[in-house]
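Here chain A shows up in two complexes: once beside chain B, once beside chain C.
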Partner chain A sequence: MIPGDVIVTGDYRPGMYVQRRGSDMVALRVGLAEIVRNDVKVIPLSGAYIPRAEDMVVGKVVNVTGYGWEADINSCFVGYLPGQFVFGRDFSPSTHDLTTRFTVGDLMLAKIEAFDRTRDPQLSIRGPGLGKIPQGEIVKMTPMKIPRLIGRKGYMINMIAEFSACEIKVGQNGVVVVDGPAEGVRKAVQAIELIEQEAHTADLTTKVQQLLGAPVGPAPAAGPENSGEQ
Partner chain B sequence: MPAKSFVVETIKRNQIVELLSKGKRSDGRGLSELRKLEIKTHVIEKANGSAMVKLGNTEVLAGVKIDKGTPFPDTPNKGLLIVGAEVLPMAASYLEAGPPDESAIELARVVDRGVRESEMIDVSSLVIKEGKWVYSVFVDVNILNVDGNLFDATSYAVVSALLTAWMPKFVLENDVVKNTGEKMPLPVHKVPISVTIANINNTLVLDPTEEEEAIMDARITLDTDDDGNLCAGQKGEPGSFTPEQIITAAEWSIARGKEIRQQIKEAAGHA
Partner chain C sequence: MDENGIRTDGRRWDELRPLKIEVGVVKNADGSALIEWGKNKIIAAVYGPKEMHPKHLELADRAFLKCRYHMAPFSVDERKNPAPSRREIEISKVIREALQPALFLEDYPRTAIQIYVEVLQSDGGSRVAGITASALALADAGINMRDLVVGCAVGKVDGKIVLDLNDTEDKEGSGDLPYAFMPNLNQVTLLQMDGLFTFDEFKQALELAKVGGMKVYKLQREALLRKYFSGGGPETSTGSAEMMEEA
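Up next, the complex of A and B:
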């Protein structure tokens, strides 16, 4: 689909990057169209990361204010992590030193707590696996291709983690942090770069399996993989 | 408010410092190795001289305009040579439009000084009528993409553009300056080469990338001329260099300068 293309005509609901014009459903971005029952959406081939509530992101602290931290989440919006989300409800700027938890340059795996486009997205690090990322190799990819990296029910990312013996933290904002033995990190980074380059091609799973030296076979529950979500 | 300068991730900083302690760099270069340098000249048709320089991912475009002008009152028998540099807001995500900030001003001044103090151009021969009319040489530089070491990339672009520049021939007729329509080459005598070296955790690295610049303690820019004489320098950032480190930096500057000068001369078609 390219912007202006009519995806389908009739009684449908416009979803992501789709606009209703009369009874036509028109694409707004370059990408692949997907129709599930009544919902029509376009999955863009490229583009910036727009925060959504409940997304996991990797943020880089760029500023420490009196009341919280500002984090670069690879978007046109700056993530904000309030102090009370880290220190608890009795947080007070005069008694707590924010820099003991995060300083400028620190990476965190965070969840988008709330975002409504009128204020900067609010981050939270409460939850399993969330918090400071102490070490690892940073890999950046197109945010729109993150679903391919994760794969159906996390199949792809689990496979890469298993065969490289690495811990991989994936942010929906396109920032990935790989940590583990040097050889494994190299392998995992290669696999991620392969997905970045060939995300739109068929049998991506097979290519990654070959790269990793994993047994080649079809992914469970065959179907359009681009709908993969964690 | 987003950050106004580049922030390096703490874990990346640790990686770079650890690699440097083993004498390695994160992009696989040697400590005194330059990134890939590409020079294209004659890129702006209407300018008197121009050059586009790529140093790794840093991209710089320079143009020369030569016209008649009035000399400064304190140097009535010298032509004008002014280098200006501007960093475009599109060059990096954290940059904003507006008047140049102090780093952009420093950039223009350091590059200007390198060209001026090496006496690359013989400004005393750019006089049409002493105290009244001289040639004015303006070199304007736009930074198109930022990936560290703007000093050297800008300097190479300015020098290449000047080497390819021509100037209109002016004559004085009844006290009026007339353009004869003829073209003549600029009186170029030397080819100054700027080399910037950063000090990160007491390891010297030549041609720092943006990541390396964000964590460096100090930086020094040294200009050398064709005979290997140091002719200009600038030290920046709060950290320091030991006397031995300065000697090493000067040796690197002279040695690398020779290779780079050769490359610039070839790209500009300058014998």
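Up next, the complex of A and C:
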């Protein structure tokens, strides 16, 4: 589908990147159309990262202000992590030193707490696995290809982590941090780059399995609604 | 035009110049396209949405669309001063305004979207070629769009309405009419006219521009599909999703 294309005509509900025009469902992005019962959506194949609430992102601190941190989240908006979210309710800029937790250049895995059109996205590091990322190799991907890297229910990313003996942190903003033994990191980065290049091909799982030296086999049973996934 | 109705470059009145389009030619850009239309060679590159600079110009409810049309010093016979000329500033404006109706700028508040149209080699009809390429670059950059935008020019040479003027016809002819539209919505986004047309000639020219534009749209579509869907993979999955729906 390309912008302006009619996906289907009839009684459907327009989802992401779809607009209704009369009874036509029209695509607004370059991508794959997916129709599940009455819902029509387009899975885009290109585009910059636009933050959404509840997304996990990898951010790099670019500025420490009096009340919080500003992080580059690989987007046109700057993520903001308020001091209260780290030090708690009794946070005051005079008693707490913000730089003891994060300084400029530090990496963090954070969740987008809230984002609306009027203000910059607010970050939070409360939650399992969230917080400072002390070390690792940064790999940047096209944000729209992150779902391929994660795979169905995390199948792909777990497989890469297992066979490279690495810890992999994936931000939906297209930043991935790999940490572990040197050989494993090399392997994991290769796998991620393979997914970046061949995200749109059909037997992606097999190719990654071959690269990692993992047993080649089919991914867990696919539901028809996920046909656009791999 | 000679007595058989053959033009300076051997075309008939309703023929386009050879047209070649490629998407994704500038690696550093978020989206890009190269168009070779007759002797035109134009690269369009899109950056963004990104942070707006200068900050005070940002718009609270939508993206700021910036467009620069520029001709390289070597794009014409005699060296062109690279500083933006009156003509380039005008074309930057009309390209911006021709593309704006197709974009959902309100989806990207407080950001900037920058379009660069760089003319490497120039021929007649470079603004419509620029619009055609920029629309592809915007789609390649993944910006929400209502439709693509297609440009096509018509003109009057020796008292006859002809499609897609080349440089000589543009300069020697008695009028030209650049036209851009959104083919699926059938809405006009650019209509300029230079020279004198009677009302009947104008109507005829507009009709011809639409017909020519649809031919350009076909090639524009193919160029975009070639980048994203060559090799069959995703398009078959689109098909299978639809088939499952029907099953």
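Keep in mind that, in the parts below, the second predicted complex is superposed on the first by the 222 of 230 C-alpha atoms of A that agree within 3 Å, B and C clash if a C-alpha of one lies under 4 Å from a C-alpha of the other, contacts with A are read in each partner's own complex, and residues count from 1 in each chain.
The rule is simple: a contact is a pair of C-beta atoms (placed from the backbone, for glycine too) under 8 Å apart; a residue touches a chain by one contact, two chains touch by 3 or more.
Everything quoted here is computed from the prediction, not taken from an experiment.
*Asks:* Just chain B (first), just chain C (second), both, or neither: which does A:Gly171 touch?
*Replies:* neither
*Asks:* Once the shared chain is lined up, is A:Gly79 touching chain B (first), chain C (second), both, or neither of them?
*Replies:* Neither partner.
*Asks:* Looking at A:Ile2 after the superposition, I want to know if it touches chain B, chain C, both of them or none. Which is it: first, second, both, neither?
*Replies:* second
*Asks:* Tell me which touches more residues of chain A here: chain C or chain B.
*Replies:* Larger number of chain A residues touched: C.
*Asks:* Applying the touch criterion given at the start, work out whether A:Pro134 contacts chain B, chain C, both or neither, answering first, second, both or neither.
*Replies:* first
*Asks:* For A:Gly68, select first, second, both or neither according to whether it touches chain B, chain C, the two together, or no partner.
*Replies:* Once the two structures are laid over each other on A, A:Gly68 reaches no partner at all.
*Asks:* Could you say whether A:Asp106 touches chain B, chain C, both of them, or neither, answering first, second, both or neither?
*Replies:* The first partner, chain B, only.
*Asks:* Is A:Thr201 contacted by the first partner chain B, the second partner chain C, both or neither?
*Replies:* Second partner only.
*Asks:* Is A:Lys60 touching the first partner chain B, the second partner chain C, both, or neither of them?
*Replies:* In the superposition, A:Lys60 contacts chain B only.
*Asks:* Answer with first, second, both or neither: which of chain B and chain C does A:Val30 touch in the superposed model?
*Replies:* second
*Asks:* Identify the residues of chain A that lie in both the chain B contact region and the chain C contact region.
*Replies:* Touching chain B in the first complex and chain C in the second, residues 78 of chain A appear in both lists.
*Asks:* How about chain A: which of its residues touch chain B in the complex?
*Replies:* Touching chain B from chain A are residues 60-63, 70, 72, 78, 103-107, 133-138, 177.
*Asks:* Which of the residues in chain B come into contact with chain A in the complex?
*Replies:* So the residues of chain B touching chain A come out as 1-3, 7-15.
*Asks:* Quick one: in the complex, what on chain C touches chain A?
*Replies:* 30-31, 48-51, 60-61, 102, 104, 107-112, 139-148, 182-185, 221, 224-225, 228, 231, 233-234, 236-238, 240-242, 244-245
*Asks:* Inside the complex, what are the residues of chain A that reach chain C?
*Replies:* Those in contact with chain C are residues 1-6, 8, 17, 19, 26, 28-30, 32-37, 44-48, 50, 76-78, 117-118, 144, 200-202, 224, 227-228.
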